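Here's the structure, in structure tokens; my notes come after.
Labels run A, B, C, D, E and F following the written order; every chain starts at residue 1.
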């Protein structure tokens, strides 16, 4: 058996339960997503990832909706199916409308296209951008 | 000689000059970036790319600053040096502060990390996200 | 019908059967994985890929377990679902423990994050690394 | 000093010189490219890579020009600067015109865009494609 | 519910129906693929993408079969499952034989390998390619 | 001016100097690399990244040399020039020989090739790997 297994709350060690509690309280949800249950197989990764994500995704100079839109843009570019699904859901929860999603995908698509045009045409960086 | 060559305004064919004029007027700049001068070697690509970008990057449900932040996020993920330089400059021009840039990079970094955790742990999509 | 089809042993041409035999003997397995059955649709690709992989994955300055860990790291970064599944299994067979897998994923995650920080901040290479 | 060093003909071991000779004769060139001189630091990699490339790039069901166009498409998508430069040169030598290059880049750009639209919109595969 | 939904012909707004009609007539098919039905959720993206693809994929200096082979090469490199399935089908329809597909995949595989050898060995661009 | 600027020790704020001190002591070096000086423009990113990297790269079930080899494998696959240079140097410092580097690159190359073969041939996951 090589498939990794999720760690559910009742059978989780205390330090994992404590992180699950913090995720549920911070996000006001009843249960944690599969992402957390799978990486919990390595408790230091769970702890470090949650600490980092909690810090990075909090409101700051960029608000939470913008941060979720950025997360979707990266996840689509990397083709991470799980991440596209979960962060699109998170973005909608944070206020993303259908129209915003349409424009988000349009920008992501164009950026992936023009990135390759710049690379293929071997465009040198303008002095003004250095 | 295999290096592609930029098309400068004075020697450009009329349909290219006309697009350069539209870029300069739309963006209120004195000259077009190298990107446009290099893809102008294939006028249909120049015309199509400008038409698309003009439409996609205009203010809409997402404002121009957010669109430029998304462009930077994709360009960094794809590692396009030219695009990172030019769109970081465009984002600053659209109002991106140092603090916003710091948070943008933090989100892009974390998204690239957690994308791979989800992939490596083979996390199945939660029913709630389907 | 556009889906490609696997080549099973009984109906395979002799040169394919001969390679299957070598794979089974080298790896001490009863049957070859789907990977080989699918690329066997183009026998030169099967032959070349097996020759290369047999040479590259043999014990050398790096032992087989390390080579499998590297294979997982690349497959996760590229998001190849089949490859993540098959090489995680191969790594476990070669001795990868749960703790090693946890640390492997932690390094892969951090590398994907810091790669983008270096790209986004446009960090110049230190003279000491040239 | 961590920079890897090229292996030049006069100081190369005999098995490397022999491969350089075969490359020069096969391609009808006076010297081998930097690519070969750098990977020659590990002679088994030089030998295996040349054997594979010689076989894969020979005329077959696809002619050499088409194969070089495909090589450029992959190199641009992966953003390999060296590979874009060297395979664009090889494609031109094999007959690629300016117009072909323009259309090649247009297709590569659109494919990179629509790949992300399909991923972001989570488009399920049509039954006809299974 | 976060899953995006396809737009079917009978309930589509007139401007979407009109584009569907043009796709069906241009490609001589009875129905449009899921790709179009999903991006039709954002009509400006549907219109722009179809206009661009219709222009880019038409016969030119490169014929339609070569363009579809390039599309498959990019889609495989990006690991877009939907795109690999749909463009492999399109390539077969345009005349790709089993032997061509075998050679296509061989080139795509080798390009992805040698791209990384060039990057890892930090190969400098030959003066002849500048 | 859009280029980001490195933060040097003398002019750094105290919390940045403190992290630089910890990096120098932990790694037994006289100065920190450019990577740290550039991300120090956003002190929370510097602090979080160093904390994470210090934890992840410490000796554990995998020793530091293996972790550096994994870092190189990911950096090469992502084509991060800075990261390839800095982590190749770090791997050599941790004991990587020329022969190990040759085998590392051979595995990374083959993994990038076979990843695409698996994707292009749409190989289904063997039941044994689920």
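FYI, a residue touches a chain if its C-beta (ideal position, glycine included) is under 8 Å from a C-beta of that chain, and two chains touch if they have at least 3 such contacts.
Just so you know, these numbers come straight off a predicted model, no measurement behind them.
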Intersection of contact partners for chain D and chain F: A, B, C, E
Chain whose Cα centroid lies at the greatest distance from that of chain C: B
Chain whose average C-alpha position is farthest from chain D's own: A
Distance from chain C to chain B - Cα centre to Cα centre, in angstrom: 34
Centroid spacing, where centroids are CA-atom means, of chain C and chain E in whole angstrom: 27
Geometric centre distance via CA averages, chain B-chain A, whole Å: 21
For chain F, residues contacting two or more additional chains: 2-4, 39, 41, 44-45, 48-49, 52, 56, 77-81, 85, 88-89, 99, 102-106, 108-110, 112-117, 119, 121-122, 128-130
Overall pattern in which the protein chains touch one another (line/ring/star/complete/other): complete
Touching residues on chain D, where the partner in the complex is chain B: 79, 85, 88-89, 92, 98-99, 101-103, 105-106, 109
Residue numbers on chain C that touch chain D, as the complex places them: 2-3, 44, 48, 52, 55-56, 129-130
Chain C-touching residues of chain A, taken from the complex the two chains share: 2-4, 39, 41-42, 44-45, 48-49, 78-80
Contacting residues of chain E [partner chain F, same complex]: 72, 76-77, 79, 81, 84-85, 88, 104-105, 108-110, 112-117, 119-122
Residues of chain F touching chain C in the complex: 3-4, 33-35, 38-39, 41, 45, 49, 52-53, 56-57, 60-62, 66-67, 69-71, 73-75, 77-78, 80-83, 85-89, 97, 99-100, 102-104, 106-108, 110-119, 121-126, 128-130
